[in-house]
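Mind looking over this structure? Questions follow.
Letters A, B, C and D mark the chains as written, and numbering starts fresh at 1 in each.
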Amino acid sequence: MSDVSDWWRTSIIEMEPGKISFRGYPVQDLIGQVSFPEMIWLMTRGELPGHDEAALFEAALVAAVDHGPQAPSIAAARMAVTCGLPLNGAMASAVNFLDDVHGGAGEQAVELYHQIDDAGGPEKTAEILDRWQAERSRFVPGFGHRFHKPVDPRAPRLLGLVDEAAAAGTVSGRFAKIGRAIEKTLTEAKSKPVPMNIDGATAVIYAELGFPAPLARGLFCLSRSVGILSHAWEQMCQGGRNKGPTPPAYRWTFDGMAPREVPASYRSQKLRQNGQIREDS
Amino acid sequence: MSDVSDWWRTSIIEMEPGKISFRGYPVQDLIGQVSFPEMIWLMTRGELPGHDEAALFEAALVAAVDHGPQAPSIAAARMAVTCGLPLNGAMASAVNFLDDVHGGAGEQAVELYHQIDDAGGPEKTAEILDRWQAERSRFVPGFGHRFHKPVDPRAPRLLGLVDEAAAAGTVSGRFAKIGRAIEKTLTEAKSKPVPMNIDGATAVIYAELGFPAPLARGLFCLSRSVGILSHAWEQMCQGGRNKGPTPPAYRWTFDGMAPREVPASYRSQKLRQNGQIREDS
Amino acid sequence: MSDVSDWWRTSIIEMEPGKISFRGYPVQDLIGQVSFPEMIWLMTRGELPGHDEAALFEAALVAAVDHGPQAPSIAAARMAVTCGLPLNGAMASAVNFLDDVHGGAGEQAVELYHQIDDAGGPEKTAEILDRWQAERSRFVPGFGHRFHKPVDPRAPRLLGLVDEAAAAGTVSGRFAKIGRAIEKTLTEAKSKPVPMNIDGATAVIYAELGFPAPLARGLFCLSRSVGILSHAWEQMCQGGRNKGPTPPAYRWTFDGMAPREVPASYRSQKLRQNGQIREDS
Amino acid sequence: MSDVSDWWRTSIIEMEPGKISFRGYPVQDLIGQVSFPEMIWLMTRGELPGHDEAALFEAALVAAVDHGPQAPSIAAARMAVTCGLPLNGAMASAVNFLDDVHGGAGEQAVELYHQIDDAGGPEKTAEILDRWQAERSRFVPGFGHRFHKPVDPRAPRLLGLVDEAAAAGTVSGRFAKIGRAIEKTLTEAKSKPVPMNIDGATAVIYAELGFPAPLARGLFCLSRSVGILSHAWEQMCQGGRNKGPTPPAYRWTFDGMAPREVPASYRSQKLRQNGQIREDS
């Protein structure tokens, strides 16, 4: 029956009754010996990271866990538990929201950094940014922030850790250079600060550590799941039933039709309710 | 290979290349001949309904399609598209919310009606209600409404259609009797109106038509999916990026810790960042 | 507090205590008078359809309800209930799967038809198909089928209904012409039949009736939700706990690393378990 | 506007432009200083753990990351990406599956351990197990395994770490005692081994560390999200379009109706297609 066994094929996990190994390592040898970030790296990349790489990776995971109840994903998680969802359902509902606009910025920033890197490096920043804004989106992923001005407090801290790691030879530092070049170019173009934000900073780290762009989104989801779980649990403890987005008294603004009557040709359908088809109304 | 073919087993659909039949009926004979509610009935129940049953069923599906942006499911759908989700993702996120508290009331009302029916009928209402509130929940599903006072406009209309169907012999009318008995008992107990709401009214219809209680929740999901899709599409046309639940300026209330310093034993971990384990801090 | 009320703005539903209207029509006047497809059209488009338009629309909704347990969405729904999910959670999980590859074909086909229509009509078919395959995807949405050969039984039936509607002046018929032109062009190019499938056929109907492409995906989700609900309910009645995709004895094919030992530098971390940081291993 | 600000209330995160703090700690002081498990603990519990507690917690998170493509959640994640879902959507779909039967065992085991602890300790095991099986479920959460016989390799390793931590005074060890008492009682009752499994073992750790039962489910979701992400990413790299659960040639077993004709009273509805209501068929 090998065609059935072959239908799902993986290099991640091997199992026999009583035995589990991940990427070749017996699970009982990983438990209590590798850290959770090292396990995440092993599972997604296939090899254990160096300890210095793992430290930088861990910093990125810690940095992005939450941004408060104004984030749509967090609001979704909180509303979900008031609808009766258990924690897995609230987490699922919220992680689904981490899509192109809400969670995709890190993935897109990694793509952008690689485009600049492939084109030759920081000197190509302005040219690549122009192309990105013409072909992809007028929004440059990873820079600027609707709320945090002048600076997103997580970004300088993360970049500082990248600088230390580059000085120690753990990473090359070339994506940090690219990130800073983008920040400089955007700031000059707009004559006002356009600082790197959490997505741009974690993207520097993921690019430095060799994670492909789509995985950057997945890792952001792992990280943000922590805040999602925390807020869902807190709301579960606070209580509430069917909580809507705003206090109910505010309802919503209706900008549609004035009241009107259902047309006559529909009212005639009332006659079909007991199975008789009659031509009159 | 029959064990593999047997792993998924169904009476709903049979297929050969070029042929599809649902519950025994060739699909091309159903298309353009049975209505969408008749198809829903056929797929979930296994047989086509009578035309009068179908009319009552259709009324219930139409009645529950939406309740506006204050409903958590609708808010979720609207926020989801501003995060970049396509319509299937927005619909999925929102339907997930229709759980025990937000979508389960219809299912629970059908269970309650059957408990009273099994106990002997409307005379047992007070007794069964007491038991429900003691063992299940202090909330009686299907009655009362946070917003619609004195009456949920959908309920009397639906009950009127049930009365017509009972008069015509299409349904027995005994669950309408039970629903009205609950309304009367609750109203007397609280000395104020506790009217049947949309969940209680559609539950009368689903019970009259013989739908098991869990299917009542599924049918509510089909119905509410219409409002969910409509609101998601409207928001997609309105635009917006990462829309949170309230206008951003309101942020949220923080009721936690005053600012504090990370303890010393954690600051020492900073020394492990470049792989060197040192005892000093 | 109008900025809070304005934060969510809709033309779909207006509400006061005791009153609900959809697109201007009081809900109690819609219940029992408009059909479920007419309600779907009203909610998504803003106006009631003509009765002939509604009949064609209903045929499309009926046609796409299910394609059996081999469809990933249906498999997901069935597995979900064996994990303990209630029907809303199973439906949500499955509808999420109706994304670009599994549910997006109808949306993409509507886009393709409009590209040909905007370019001048069926004579431009080959040119626009070449452009689509160069710029979008080598897969032409709506044509061919992995399973149904020589023909998807739903497509000719739906096209026949479109032809009748065009003859009656209900629709123009120009998108049916375009769909047939694509089928002819692809069949000639591959020297074997490449018939229109369910996505291509429902897309003809949605285009003829004026639905924007993204709504075609949403409507496919509404339709497929019926099969999803039916299969989830059937599996719930069959039982099963934590059902995997294949019978468990087949496990999966492992094509990864041979067994290996966790490196020494990780084994040293075992010493940190009780909080003591020691340099030796 | 304080009622709007108060609508969402949290102790988890406080923010001003340029400032973010979690549970009172400035984010830039947490980044690079606390580990990811320490951050998870802080966010969910409100305080940082001791380092020894954190090590045990980390072991539990590492242990539960994956169980292979036969797990419904993993299968869902893999199928989802072949439908076109990005990684957040695949993760969301899969985490939704971690419900009462697939992810709830750890939560239920924590509840069971507390019931025995509240009743007086291990001597009450048989009595509480009888009550559980009578009132909750015949399945005892956390013990036995369909696949891993005689032992789930993750459980003894985790219990060993608990024993070390108890010896060091980090935890009391009383839930490990309870877990072992359950294993002994079940094994004697069935005259065959019924070993503690991963859910029972992580539940011992979460109970020892003071996590409430529902949070045990949330933490299992965080942990399993790692395997979900890894499998989704691997499948994304392998390719595949609309992958069903089994190889397509196996289809499914149909056990329904023989082919039959749509009844005459439905065929008459064909006449309503062009808006004319005619009595004849």
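FYI, a contact is a pair of C-beta atoms (placed from the backbone, for glycine too) under 8 Å apart; a residue touches a chain by one contact, two chains touch by 3 or more.
None of the values given here were measured: they were computed from a predicted structure.
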item	value
Set of chains adjacent to chain B and to chain C	A, D
Equivalent interface positions on chain C and chain D, same or different at half	same
Chain at maximum distance from chain D, centres defined as averaged CA atoms	C
Centre distance in Å when chain A and chain D are each reduced to the mean of their C-alpha atoms	21
Approximate Å spacing (C-alpha centroids) for the pair chain A, chain B	28
Chain A and chain C: spacing of chain centres that average the CA atoms, whole Å	24
Residues of chain D whose C-beta touches two or more other chains	1, 4, 7-13, 15, 26, 30, 32, 34-35, 51, 55, 68-70, 75, 89, 92-93, 96-100, 103-104, 147, 161, 245-247, 250-252, 273
Contact graph of the chains (line, ring, star, complete, other)	complete
Residues of chain C that touch chain A when the two form their complex	1-2, 4-15, 21, 23-26, 29-30, 32-35, 38, 46, 48, 51, 89, 92-93, 96, 245-247, 250-263, 265-267, 269-270, 273
Partner chain B, residues of chain C touching it in the complex	3-4, 7-13, 15, 17-20, 22, 26-28, 30-32, 34-37, 39-40, 43-44, 55, 58-59, 61-63, 65-70, 75, 78, 86-89, 91-100, 103-104, 147-154, 156-158, 161, 214-215, 217-219, 221-222, 225-227, 229-234, 236, 238, 246-247, 250, 277, 279
For the chain C and chain D complex, residues of the former touching the latter	1, 4, 50-52, 55-56, 68-73, 75-76, 79-80, 82-85, 89, 92-93, 96-104, 146-147, 161, 164-165, 168, 170, 241-246, 248, 251-252, 272-275
